[in-house]
Every structure is written in structure tokens, then in C-alpha cells.
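Once you scroll down, you'll see the structures, which are given as C-alpha cells.
Two complexes come next, and they have one chain in common, subunit A, joined by subunit B in the first and subunit C in the second.
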Partner chain A sequence: MNRLLLIGAMILFISGCSGFKDIDKRYFVVGIGVDRTENEQKPYRVTLKLGIPSAKIQPGATNKFELVSEDAASIQEAVRLIKSKVDKELDFGHAKIILFGKTLVSQSIREPLDWFLRRRDIQLIGLVAVGDPSAREILNTSPKSERLPANSLILSLAEEGTESSYIVTESLSDFHRRLTEKGKDPYMPVIRPRNNSYVINQAAVLDKERMVGILTPDQTRVFNELIRKHVQFEFKTVTPKLRYNIAVQNYRIKYKLLHLHSSEPTIQITIKIKGEVEESTAPLFQEDWNKLEELSEEQMRERFVKVLTYLQSKKVDPVGFGLRYRAMGYISEEDWEAWQTLYPRAKFDVRVHIKIIDTGVIK
Partner chain B sequence: MIRYLYYMIIMCMLINIMLNVPTFLIERRYDGAVMGILAAVVSGSLCAVVFIKALRQFPNQGLPEIFRSYLPPAIRVPLLLYLGIMWLIAGLIVLITFSRILQRFLDPDIDILILRIFLILICSFLAAGSSRSILYTAEIVILLHVPFVALLLVKALGHEYMDWEAVKAVGQFVRKTPDLEIISVASYIFTGYINMAVFNRFFRKEDKIRGLWLIPLAGFAVLFTTFFIPIGYHGTEGVASFIYVWVSTADSIRMEFGFVERVIYMFLLIYLSISLLFITMTWHVGAELLKDVFSKKQWAQEDDQRFNWTRWLICLLFSPTCIVTLRFLNEKNYLELTDEWLIVRYISEVALVLIVFWLGRKASK
Partner chain C sequence: MDFNNTAVSTLLQETFKASNDFSTRHTVKEHWAVRYYYLTSLCDSIKLNESIEKPLLSSQSAEDFIDTLLTLGAVKQPDVSKLPELIITGHVVIQLMENVFSLDAKKSLNTQSQEVKIEHVLMGPQKALSEDLLTNINIIRSRYQKHELHLEQYVLGRSSKTETALLFDVHLAKPHILDRVRSKLLSIDVDIVHSTGQLEILMNNRRISLFPTMITTERPDRIVLNLSQGKVVLLLQGSPFALVLPAVFFDFMSAMDDLNQAYWISTGLIVIRYIALAIALTLPALYISLISFNPEVTRIQLTMSIAGSRAAVPYPSYFEVLFMLFLIEALVEASLRLPKFIGSTATTVGGLILGQAAQQAGLVSSIMIIITSAVAISNFVIPINTMSAAMRIVKYPLILLAILFGFIGTVAGMFFLIGYLANMRSFDEPYLKLFLGERRTSRPNKSR
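Moving on, here comes the complex of A and B:
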């Protein structure tokens, strides 16, 4: 009898789940894009990529989606308006791709970002990127090989599929950290459409408010090596006699801030690289490897210095030298102000040590 | 039996996230939290060792029995009332925080009142059971969940996004002197031993207490991770923007080959069990202390297995009253109240340890 009463009481409570919606009454948002419009009254164009489920998964056929856009004064309003355009409940639980249009990022990123951080259902491990020319255009692309809507973006950005030294990846959580951190500035990968597919080979660097520059693909590669600890990359060395490319298996980057109180503050960066030759225009095996290493070191050094001075000229610090400065014990406000004048005139002393391990299968 | 002491301590070390400890410490990261952590390790372990050693004078006796034999009723009754209510509040804070987190991150459509009623019913049911069965539950829950917590911490510490420069930068603030508030909040980690107030009834004279030196080491490790991992993930500045900083930290960790990519769900499930255990244990202790105020007879070993209405009544009457009052508070007031409770708790805890120490000296003479 007691048990029956208990079960009866439980059944009464089940009716409490009135807010629950079945999976077939939900629309899964797989990508969110925010663009800037010309209209001053409604500056944000929010685009949601809604996945349409299929019974059988097939590449290129089942990545069906619906794209809904709305202009509004705020992101929340736009989402509310979109809700009136669709027939199912919007579910943001799978929204892993967050894109910002290039024009929006060049104006301000802080304000639109707030909604993403404040919403409980937007995951902090979501991936952020800049859409060039617009976020909507990127979301509207569906590559032939894609099996699920927006899946190819996830595969490239989360490094689940391809791993390229040109692709920088950035999560929402890390982006928020860099946007607020004293001494470490944010960056984002730039995605461009190319005949029904994407190219991701550039990085946008931002100060605490907006985008200040876009790196070229070559710079992006060096940039990626600087900010990440384990990317696989390759680089070429050109000499008058021959050209050879080295594939790097592992490398280590260390940096030190030196002579901070002198007139010539120096940022010393030491890079240790181990790699093998993957391509060459002439046989290498009999050459003096030390000489080859020296040649590569010199050219590598130039690449790094170029990118570092470019970042310095834009007054951004994505590598985190400023944070290192603070970690060294310069924690007061005056120290921080000193760093603001210190960083722009710092000299980069890049030291590259390359070790060629082998020349591949052939000599 | 002695291993159950360590389960209680581990339980309190894990639950600190639900009691706003990391958020409070992180708010004060530039004004003494680092030193506060070190001071709390000293103060917390000292309290733990003194309390446990003093209770060795009273084998098979809980706090109510000790008070009965050494203190006049005029002191005993208000003291037990106060302590009992403090214990009940501890469980209640976790219940309210956790139901809020569950609602926010698992199902925002759920009616929070119904969720709370269910949690109260389950926890009261468990808390009204015998003390021994609660100790056994503690063993099962802790043994099942500690490996997952360890996995999470190892994963978090070794992750690419963990920024050790930010940790070092905050570590540079070690020279700032902490105030009482910081020490009292940080020392919460060590509070687990205090549940011995009731569970000492099952610790016999022959039981040897070993491994007390582990308490400061484990406590330091827990405080270090609870404070520095969020800083490593959200940066020295960004970390202050989160309300439940550890939930957001778990959300920032990605486990590609985990069962679910989002670690947050694993985290919430682990903390569901640990929170339920914590609520159950604190309510049980609180109810036991209060029960003794209303009963004329002294507690005896065989009472433990006997069904007792008072414990049920205490849990069931206390929590709804508080929940109704809490409806007038928003999240901000509530979190401030939690911090205040933590401070009051520290002062009361030190006082209680001193009283027990004094009674122990008296008993040994």
C-alpha cells in the first residue's frame, strides 16, 4: 500500500515537466554568425545555421541546413525574432561554431561577445572565427564531403580532422581570457569561402576592442608556431645552389625578457627545432649538414622577427610577453604602465637551433 | 573504522566548489588570497589534528554525550542548538547552490521549487537513517567518484589551454597579507573532520589514527587546484567574471575522446553525488545534535539502528522554512550570505575545537 502511494505521488510530479520538448520538436543550431549591418538602428545581423536531421548519413547529401537571419539592435532581440520565423524550439546545445563578420570585428567585438558568455547553453569550448567577407556567407557554404551540417568547420577548427600549420584555432573560453587578460591579446582564425568550400589560412589579431590586422598565410604559420606549443609545420630554405624543405616533428620555444631597465629592452626567443628533409632540389646527404642547418636557421630567424615586429607595430601581444612580464614580479600599476612603453621599443633577439635528423628515404 | 574519518575529510575538500570558496578566493586574488591559502593550510590542519586528538579521550562518544557529562544544561542546550543549526545550514547552502546550477546547466525549464523539494525529500530520507549507513554511503560515493575527479584534475592541469604564466602572475601576490575572511573561507577545505562530533561514537579506543600528516598535504593540493586551475583557464582578469567559476572551468575543458566531449556534464554528475552525500551527512549530524537537546535520555549504541522520528522532523521542518525565506533573496544576496556564513563558521569552528580540547584535557586528568 505504501509503495503504491509513493508511486502515485511520483506520477503526480511527472506532470511538472511541462517545459520539456521532444527532440523532434527542436531545431539544433549548429553555427551562429554575427555580422554588422549598415543600419545604425539595427546594427547586428544574426544568422543561425539550423541542422536538418537525416535518417541515413551520407557525405555531401545529409549536410542539409536552414539559414535564418535577422537584423536587430541586440543579439538577443535578433534570436527572439528568429524564433518567430521557425516552427521548432531553438536548441543552442550543439552550437559549436561562432563566427563574427569581418566588418563587425573591425569595429567592436566586446559588445556582441557578452551574449555568448552570459548564455548558459553556449559552450565555452565552442570555436570562434572571423568570417570574411561575412559570417553569413561562410555559414551558407556546404562542402561536398561534409556529412553533417557545419561539421567540416568543426573538423578543421577543432583539429579533429585536418591538422594544418596554417589553421589557428581559438575557443570561446580562450578568446574571452585573452580579451580580458592584461598582457595577452586575442586572435581568431579567418575563414574565407572558395567554391563551395573554405580556406582557413589566415589569422586576425585583435587588441582589447577590435581587429587591428590580418596576417598573411606565411605569417600565420609562424604565428601559429609562436602561440601554440605543438603544431607540426614545415618550412623551406632557399640557397643559391639548391632549395630544400624541412618538416618539423617537434620544436620548443622559450622566451626571456632581458635588460628591462636599460634603454634597450630585449625579448630573447630561443627555438629548438628537430626535423627531417622532405623535399630537395638536389641530393643532400653528402653536403655538410651543419652548413645547411645554419642556412635554415638564418632564414627561420628572419621569418620570426618579421612577424614579431609586425605584431609589435600593431601594438598587440598575442604571445603573452606582457603576462610573462607580470609573472616575473612586476605586478604594480606603475609596472604595468612601464610595460606599455617598454613593449613598443623592445628588441627581438631570436635564436634558432635547427637539427636535421635525416634526409628522408633517399639521399 | 578510521578510514571513514578520511572519507569525511575528502568529502569536504571536494565540496568547496559548491560553497563558493573558489569564487570568493579568486575575487581576492590580488589582496592576499595566495597567502591566505598558506595560512589556511596551517590553521585548518592544526584545528583538525587538535580536534581529532582531543576526541581520542572520548572513545565511542559523540559531542552530545561529552557535553552531557561535562557541561551544565544552561550551556549545553544553547551550544548544541547553535551547532546543530550551523550544520543544517551547511547542507542547505549546498542544496540551494546545486539546485541552481542544475537548473541553469541541465534543464532551465525545470521548476526549481520542485527540484528542491525532491532533493530535500531524498536527503532527509537518507539523513534520517542510521549513522553507520551514512558512513557506508560515504565510502561508496567517495570511492566511486574520486577517480573521476582525479582524471578531471590531471586532464585540466595538462591541457594546452592551462596558462601557467597567469598562475605565476597571481602567485607573485603572495606577499599581500590576508584578512580573517580569506583565511576563514580557505580553511573550509579542512572542515571534514568536524563531523567526528557525531561519528566519533563509532570510533573505538583500539582504533589507531594514522596518516594525519596527509591532511595538510592533501589540503594544500586541493586549495592550489581549486584556486589556480580557474586562473590558468580564464586568465588573471577574466576569471573574476564567472559566478560559478568551476562550472565554467569544466566547460572550458574539452575531452575529445571522453564519453561526452563537454567535460561539464561529467563534472555536474560527479558533483550531484558528492553534493547529495554532503547534504545527507551534514543534516544527519545537525539533526543528531538537535535531537539530543530534545531528548532526556543519553544516546546509546543501540539507538543508532532504531527508527527515529525526530531526525525526519528536524530535516523536514528546517529546510522548507529556509527555502521559503530564501525566495526573497536573489543570487547576489544569497552568495554574499554564503560568504558570511563561511566566516561565522570559521570562528565557531575554532571555538568548538578549543572547547573540545579543554574538555579533553579535563577528561585526561
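Moving on, here comes the complex of A and C:
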């Protein structure tokens, strides 16, 4: 009986315990943004997007949120200060969107990232991205179709909703892996605001410390094809006579590192593409399909070589050629240094094989 | 009339002085007289007519009549002190000159087998057991026509003197289980035994028990199936239920419909049953863990809408859960006890209150209503009533653990539950044993 009483008393007082906190007394952080300030004393501006729950879900009406910012010397300090500004317990369990301001990323990413990796309540499946011009501005946007705060960003970045070949996706865990792994460099999608909505069609490439360049939308698409290997994409071929667009359902990319010890190290990339024509300015069925394929192959090759050379010129390697090199056998420290001089002067030998399986219309 | 005869008469008249249904008949023929005593309420007048009055009229002499009586099953009773007891068990005591005979003339009531009330099946036998022991044995014997079916009779209860039958297939039943059942039946020492549930508790040897270790069933087909699997069946006079033992956990999750349907249908239904069991057991505890400890488990979209629906509820989550569960348990209990005609009213009113008003009043969240009904419905999926009642209780310790320790508590609670079940024995058979080594008695065999 006494034991029962004791348990009863424990339950009565449990609402004061640390672990027990009801869901309505938590403030869910749905997005975290980190920007760089001008102030040297307080370099980090942390912005938290706090979701306000509603009982009935309606598009555009229930994506209410509160945006709280704080400048501090470290992210942890900023979060502590923000805690005193809100009435409920902050819960980072659902912080799926992690944005870094463009200025911050151009300077250094390692130091601010550390907090996210150490906190146990921040999930490593969180999605990282660069906010252009600032993370705060992206978090402050609420698109009309959105049902829950930050839902649009989650839908586009996690590929739950739209699947675009322009959107590159990067999770926190993979970003961290690339940041520490020799031979595979990190990247992030770049999000820009536009009229109460977002445009995500660029990718930022980083070396092990900071951002070194932003790809154009066209380059981003090729970049996506290179690193993800299962995107659906389209590309156009322009000939003097006509223009046609091929939609690709599946493709395979293989690469080999050749002639590493010669004067002309080569990275041979073989791409096999199967696709059907989705748009054309002239009837194609009677044309010689082999010729069309050849034309497309040539233009496709150029697209890939352009992006690869750009990445090479920035001395970054998001595709992971360096990692492949390290996997080829025992690689000593000297070998690795040799690769680092090898990669900038490597030649890209891209071989594209396109097969048109359908012209889209019946003769 | 000698001394002995007067003694019988006085003894019986004296014993049943206060019973108005005690009747004495006296007939005198040429040279001899017959006196017989019985309780009118217990004895069948047709039987009396057939076995005493008619022979009496046609008999030429006393010896002739005695012969007829003995042929009809009368027993000579030398001990006068036993006579009152015989009369209360429905015998007629016949006094003929210096001899005393007793003859069973008990009227059997409720010999009709009833409609199935608890274990409904869609396609299958629709009649359950009756309340009469002999009828029940009849039903079972005609469904299990093997001479290996043995029957042993016991009388339980000092006052109720309930006749009990122990049935088993002598080739299939395990002898050590039989011995244990016999010794337990003999050791029962109570005033009244009325129902199989009570008998189960008496045979359990445990003051506190939760999970049933014997199946209580009203279906003859289930009884016969179990007999053919080598199990032991106990029948009680006056009870339309039978006890089947030993029973393992998985027996309680099987319905007779499983035999009537195609393989994939019955397998699918069994899977659904186990999912329902999991829901009925863990959902309230998981809800508390989710709401109060780890809201990051679900997707953000769901979390936000749960948070929204809980916004109006001022009390902590466990209050909400216990409140709703109490109401639903009260509703179930009330609709069980109420007369059939009021029963539907109670459920309608209760359903309305639980479904709408409680949520609008801000006492509970709308998600909680879904959980409550899911738990209640899932609980009724468990086919054997005693197991479903046990599962109704087991979810509360899990809720307590969830309140104190969240997900860890729930998982630990499930661990303890499974550990406890694994530790249990039903007549020396491990409770969580998957196969009792029984033959496939009612499904096509692979080897064939």
C-alpha cells in the first residue's frame, strides 16, 4: 500500500521533472539559420523559426511562425539568450532545415557546424543549405501553399514533394562526412527568396573550410546528375536544322582513373543514357536516330566537361575522384599529396552513349 | 411394519418438515404396501410415472415389483442416514416392506443447447453447449466418436455438489497432466462451485493471477478440436462453458474461423489480430511517451497537428489518457451489465460524449479520441474473452511506466511482460511455447 502511495505521489509531481514536458509546452524549432554579423565580438546571428501549431490545417493560413534572432559569440550562447525570450521550452527535435548565410559560408563553416553535430537533439537527417542573401531572410518567407511552417522547404529539399533536377539535396550527416573525408568535398543547395517563395536552383561547392564557388542553374543540373546518379532530367540538343529535348529516365555513370603515373593523368567517365524525345521543332521519326544520338552525345559531353573543369579549377572534388583514388590500394601520405597535385592537371575523357528509345509520337 | 420402516418415515418427515415440496405417497396392494418419498420440485413426474407407478400397478407381488425396480436402476440402500442426501439430489426413496430403495428421477432442465453468444463465428456451427452436463457430454461424444474418449466424473463443492466431468482422449492426453488435473480436482474444498471461471481460479493455486491458463469456451467444435490435440476438457453441471487445458498464449489468439477459411485469409486475420493486440496494449503508453517525452519521433507534420489539437488541454497528457480510458472502460462495463434494450442507448450516449463533447470542452485532444477508440476496438479483436480482459488490465502498468520513463519505460514494460509470460506455465507447458507438439488435426498436411 505504501509503495502504491509513493508511486502515486511520484506521478503527481512528475510534471516538474526534467524529462516530462507536454507537447503543448514545447516550442518546435522548425528551422535554424546562422548568419555572420559585422560585429567582431558577436560574429554569429542565430535565427530560430518557431512553429506555432494550429488545430485545423489549412494551406497558407496555418504556417504561422515566430522568428527569433540573437547575436552572440557562439551559437550555444545565442540559443541560451533566445530561451529567455520565449515562453515555452525550445525543442530542436524537429529542426530539419539548417541554413547558413552566404557571408558566413564564404568565411568559414567548420566552427558554426560543430554545435549542430554535438547536440544530441538535432537530427543528423537535417537538411543543410545556403541562404542567399541571408539565412534569416529565407526563414522569414512563408509561401502561400504552405500548410505548416517551413514545410515548403522540407518538401522541396527532402524530395518529398517536388523532384527537380535543379535542386541538390544535402543532409547534415553527409555534409559532415564530406567535410572530414579526404577526397570528397562538400556542397550545399543555395536558396534565394523571390516574391514570398523560394528559388532553389543553384549549388554551392565548398572545400574543407569555406565556400569556393556557386554553380549556375545549368551547371547545377549537371552537377546533380554527377553526384546523385538517380535524378530525372531533360536536356536539349540544338542542331542547325532543328532543336529537340530528351527526357532521361535512367542513366549510369562510371568513371575510371587512368594513366596516373604518366604525364597525362586521365579521368575517364562513361555515361550511358536512355531517354525519349519530349519536344521537338520538327518531326523526328523519319530521321536517322543514330545521327540524332550522336549529335546529342557531343553536346552532352560538353556539358559534363564544362562542369568538371570548373570544379577542377576551384580545386574541389564533390564527385569523389579522390576517394576512389584512396580506395584503389594502400595510399600513403605521400601518395595522397601526389594526388592533390595530380587532380588539378588531370584530363577529363567523357564518353557519352545515348539511346533514344522513343520519339514521343506515333508516325 | 417393522421398526426400520418407521424409522425411515420419521427421519425423512422430520428432515423435510419445513419443505413444502416434499411429498410422500402411500399405496397399499393386496398383501403389501409401498411408500415413496421425493421432492416434487426436483423429480420428473413422467419418470416417476414410468418407473414406479406403472410397474406398481402391473406387479403381481412385492418380489415382482422389486425385480422391476432393480431393472429400472433402483439401488438398495441399507444405510438410513444417507437417505436425506439422496432425496436432495433428486432421488426417490422407495420403501417396500423392510427394504429401502433409491431411484434417480431427477428432472433435467436446460437440456437445449443454446445459440452461440460469445464466440461467434461467421461460417461454422452456431450452437453452443447447454446448461446440462449430460446433454453436453452427448454433444461432445457425438462430435468425437472414438472409444478412446474417456470420461471421469467428480463431485465438487460441499453444498452445491456440482457434478463435474473430465474428458480426454486417452491415447493423446499426456498422463502427467491428467494426474495433476485429477489431484487438483480432488483437492478442491469449497462450499459452492458454479462456473468454469471459478473452477479455473480454484485449480490455479494462485491467490493473484492475471492471465488465463485455461481456455473457457462455449463452442463444442473448439472442445472437440482441442480433444483431438490431446488436451483435457472439464465440464460442469449447470454451466454452458467448458474448461480446456493446458492452454498456451497462442491458443487464446485463435478463433474457430481460422479453420474455416483459406490459408491466406486465416493467416491474414491472425496477423491482424496480433497487430490489434499490440495496439490495444501499447498505444496509450506510446501516446504518452510521444506527447510528453519524445515528440521528435513522428514526422513534423503530425507533431505540429497533435500539438495544435492539444493546445486547449490544460492538464498533462497522462490525465487525458487516464480520463478517456476510464470512460471507455466504464462504458464497456456498463453495456455489459445493462439489459439488452437499454444497452444500445448507453453506448450511443457514451459514444457521443466521448466522441465530440469531451474534445470541444477542451478536456482531451482529438487525437486522444482516435487513440481511445482504436484501443477499445482492438481490444475486442482478441477472440477469447478471458484473454481480452487480461489485456485490458495490462495496458495500465505500461501507461504508468510511460508516465515515469517515456519510451524507455514502455519498452522496458513490454520486456517485463514478455518475460513474465515466458516464465508462466500452464500445467507444466511453457505459456509462450509456439507449438505444443500437436498433430495438424484439421488442416491438410504437407506430407500428404
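We adopt the following convention: the second predicted complex is superposed on the first by the 341 of 363 C-alpha atoms of A that agree within 3 Å, B and C clash if a C-alpha of one lies under 4 Å from a C-alpha of the other, contacts with A are read in each partner's own complex, and residues count from 1 in each chain.
The working rule: a contact is a pair of C-beta atoms (placed from the backbone, for glycine too) under 8 Å apart; a residue touches a chain by one contact, two chains touch by 3 or more.
Not measured: the values here are computed from a predicted model.
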Next on the checklist: Under the superposition described at the top, does placing subunit B and subunit C together on subunit A give a clash or a fit?
Outcome noted: fit
Next on the checklist: In the overlaid three-chain picture, which partner chain does A:D24 touch, first (subunit B) or second (subunit C), both, or neither?
Outcome noted: second
Checklist entry - Regarding the shared-chain residue A:A327, is it in contact with subunit B (first), subunit C (second), both, or neither? => result first
Checklist entry - Thinking of the overlay built on chain A, is A:H261 touched by subunit B (first), by subunit C (second), by both, or by neither? => result neither
Next on the checklist: Which partner chains sit in contact with A:L124 here, subunit B, subunit C, both or neither? Use first/second/both/neither.
Outcome noted: first
Checklist entry - After superposition on the shared chain, which partner residues are touched by A:R228: those of subunit B (first), subunit C (second), both, or neither? => result first
Item to check | First, second, both or neither for A:K241, with subunit B first and subunit C second | outcome: neither
Checklist entry - Touch check for A:L179: first (subunit B), second (subunit C), both, or neither? => result first
Checklist entry - With both complexes placed on chain A, how many Å separate the closest C-alpha atoms of subunit B and subunit C? => result 5
Checklist outcome for this item: So the subunit A residues that subunit B and subunit C both touch are 19-20, 121, 123
Item to check | Complex interface listing, subunit C residues touching subunit A | outcome: 290-296, 300-301, 303-313, 316-318, 366, 400, 403-406
Checklist entry - Taking the complex as given, what residues does subunit A use to touch subunit B? => result 13, 16-20, 117, 120-121, 123-125, 158, 160, 171, 173-174, 176-184, 228-230, 320, 323-324, 326-329, 331
Item to check | subunit B - residues contacting subunit A, complex | outcome: 104-105, 107-111, 114, 118, 160-161, 163, 165-166, 168-169, 171-173, 233-238, 241, 248, 251-254, 256, 261-262, 264
Item to check | subunit C-touching residues of subunit A, taken from the complex the two chains share | outcome: 7, 10-11, 14-15, 19-24, 26, 28, 30, 51, 53-57, 62, 91, 93-94, 96, 121, 123, 147-149, 151, 154
